[in-house]
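Next up is a structure, given as structure tokens.
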Amino acid sequence: MKDEVFFGEGMAKVKAEYPDLYNAIVGLNEAAYTGKVLDYRTQKLIALGINAAASDDRATKKQMMSAMKEFGITKDEIVDVLRMVLLTSGMPPFTKAMRMLYELIEK
Amino acid sequence: MKDEVFFGEGMAKVKAEYPDLYNAIVGLNEAAYTGKVLDYRTQKLIALGINAAASDDRATKKQMMSAMKEFGITKDEIVDVLRMVLLTSGMPPFTKAMRMLYELIEK
Amino acid sequence: MKDEVFFGEGMAKVKAEYPDLYNAIVGLNEAAYTGKVLDYRTQKLIALGINAAASDDRATKKQMMSAMKEFGITKDEIVDVLRMVLLTSGMPPFTKAMRMLYELIEK
Amino acid sequence: MKDEVFFGEGMAKVKAEYPDLYNAIVGLNEAAYTGKVLDYRTQKLIALGINAAASDDRATKKQMMSAMKEFGITKDEIVDVLRMVLLTSGMPPFTKAMRMLYELIEK
Amino acid sequence: MKDEVFFGEGMAKVKAEYPDLYNAIVGLNEAAYTGKVLDYRTQKLIALGINAAASDDRATKKQMMSAMKEFGITKDEIVDVLRMVLLTSGMPPFTKAMRMLYELIEK
Amino acid sequence: MKDEVFFGEGMAKVKAEYPDLYNAIVGLNEAAYTGKVLDYRTQKLIALGINAAASDDRATKKQMMSAMKEFGITKDEIVDVLRMVLLTSGMPPFTKAMRMLYELIEK
């Protein structure tokens, strides 16, 4: 399940051309998303917070989309993540991620 | 409650000398930790993930200590946060935070 | 005054939907731009330097536009900020910000 | 003059062993600190803001010391710089730099 | 030679308007790319790794293009650089750079 | 071989307590250091450049030590890496890494 959630289209090419690298990424992904102590949802929210704090547009957008679609994470839950981004990382990553969230919702 | 959790000793001086700045920080902190949609524990885990991913030693250590002490967050829950740090931010912030976690626990 | 200078359109929605968060941001903004010891212009130049050094495209562009429009900051003053960006943060953020500056001026 | 202000002890070795690199750094430093459009003090404050925002402990400390010693920059001016750091980059770099400032002043 | 490789079009304007800054950048560039101990190719690969790890899209793309065009660096060599990016900096900068590489090659 | 080169002492505990995580890290490390297209030495230099550019003290120091000890990488080769750090990332990470290099050599 996690594969479809996590990997973008680019990974299909990596799988075909660099299988050793692909396997390592699958292994890394599985060891990251354990869903045992913390559940997947919480881990997803953490990954979203880290990507938004790092002002990584594309990764933030991908995380927001799969958070809403695959995990049923709500807009207000994402805003709660972004509150931590504001506190720890300041206005620019916060406003950028808020704008991105509104764009995703209005679509 | 959140004040004691969040603010270090340095904030006492800010309060005395720059009350406008102190009040803004208290307001920011309260707007960040709402504990409504996501609970405090989850927000704390997110903040910890962001600080560890940013390789911010002092902030990571403070977050880990208050996570364990104030919120009863366990070692394995912190490791689950750090799994996301490894996935999103690579080996150096992960190994740094793991070492810090072991040091805190062994004390 | 500072509101119009600082806040983008996205903030209107935050104000309507998350008034506690909006108020905290207004408070933060007011405590940040004091205009007492250093004047607004100098603080603006510092914020511009920080955003450009962090390679934050959108924040840099917004800061440049409001710097020129609201504060009458000149192109050569911005170049002087970017000289510090080059020194402290290297070629990529410098060339990116210079290109952005030329685009803004030529429009 | 700018040499003594800017360069730490490590640069003496670079000068002796890698003169081409040293000369490029001197040239870079001179082109950065022009003191023409913006004065040195303002450029110094910008560099301090960038280093503090990037959570670079050592560079921040060096900038604070030379700002106070060589340019007569006051504690309140530095706090005004750190207000921009709080706004643009969040609590961890702000609290770290405030603590550093208090340590420098109390010595 | 290195000038054409390294400098984008924006630099022509810097040369015309800010010759002191331009000369410092040329000096910096020459002191950086020595091609003596490590050869140019290796230095180029290092610069590419740094830019990709910092998730700097534009700089990464420019480095990839000049790496392939000017230095005959192959796709598999760039993938080997990106393996280090994955290890040191995590999935988001890795997947971003891989996608960019595939786009460049397919054009 | 790569295990001893790459992993610090902290990894022994990860191996004992979180074997799934440990195995993923070993797999990641093996997929990163292929030594096929680019040799290990070059990949090591790239990792060193990335860590130094990110101002990650501990990771930079570890990379420098294993670079010199395990791969026979010379001081001048490391300086050539740091030239790229200066160009792409500015003075603070460069001077920090140069100081670290001198400390390692003088010991």
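Here the chain labels run A, B, C, D, E and F in written order, and each chain numbers its own residues starting at 1.
Throughout what follows, a contact is a pair of C-beta atoms (placed from the backbone, for glycine too) under 8 Å apart; a residue touches a chain by one contact, two chains touch by 3 or more.
Model, not experiment: these values are computed from the prediction.
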item: For subunit A and subunit F, chains touching each; value: B, C, D, E
item: C-alpha-based rotation, subunit C on subunit F, 0 to 180 degrees, nearest 5; value: 180
item: Equivalent interface positions on subunit A and subunit E, same or different at half; value: different
item: Rounded Å distance between subunit E and subunit F, as computed from the means of their C-alpha atoms; value: 20
item: Whole-Å gap between the CA centroids of subunit B and subunit F; value: 28
item: Junction residues of subunit C, two or more chains touched; value: 21, 25, 28, 31-32, 34, 51, 54, 59, 79, 83, 86-89, 91-92
item: Subunit B residues within the subunit D interface of the complex; value: 8, 10-11, 13-14, 18, 21, 25, 28, 51, 54, 56, 58-59
item: Interfacial residue positions of subunit A with respect to subunit D in the complex; value: 86-92
item: Touching residues (chain side subunit F, partner subunit D) in the complex; value: 55, 79, 83, 86, 91-93, 95-96, 98-99, 102
item: Complex contacts: residues of subunit F adjacent to subunit A; value: 20-21, 23-25, 27-28, 30-32, 34
item: Complex interface listing, subunit C residues touching subunit D; value: 28-29, 31-34, 36-38, 42-43, 45-47, 49-51, 53-54, 59, 74, 76-77, 79-81, 83-89
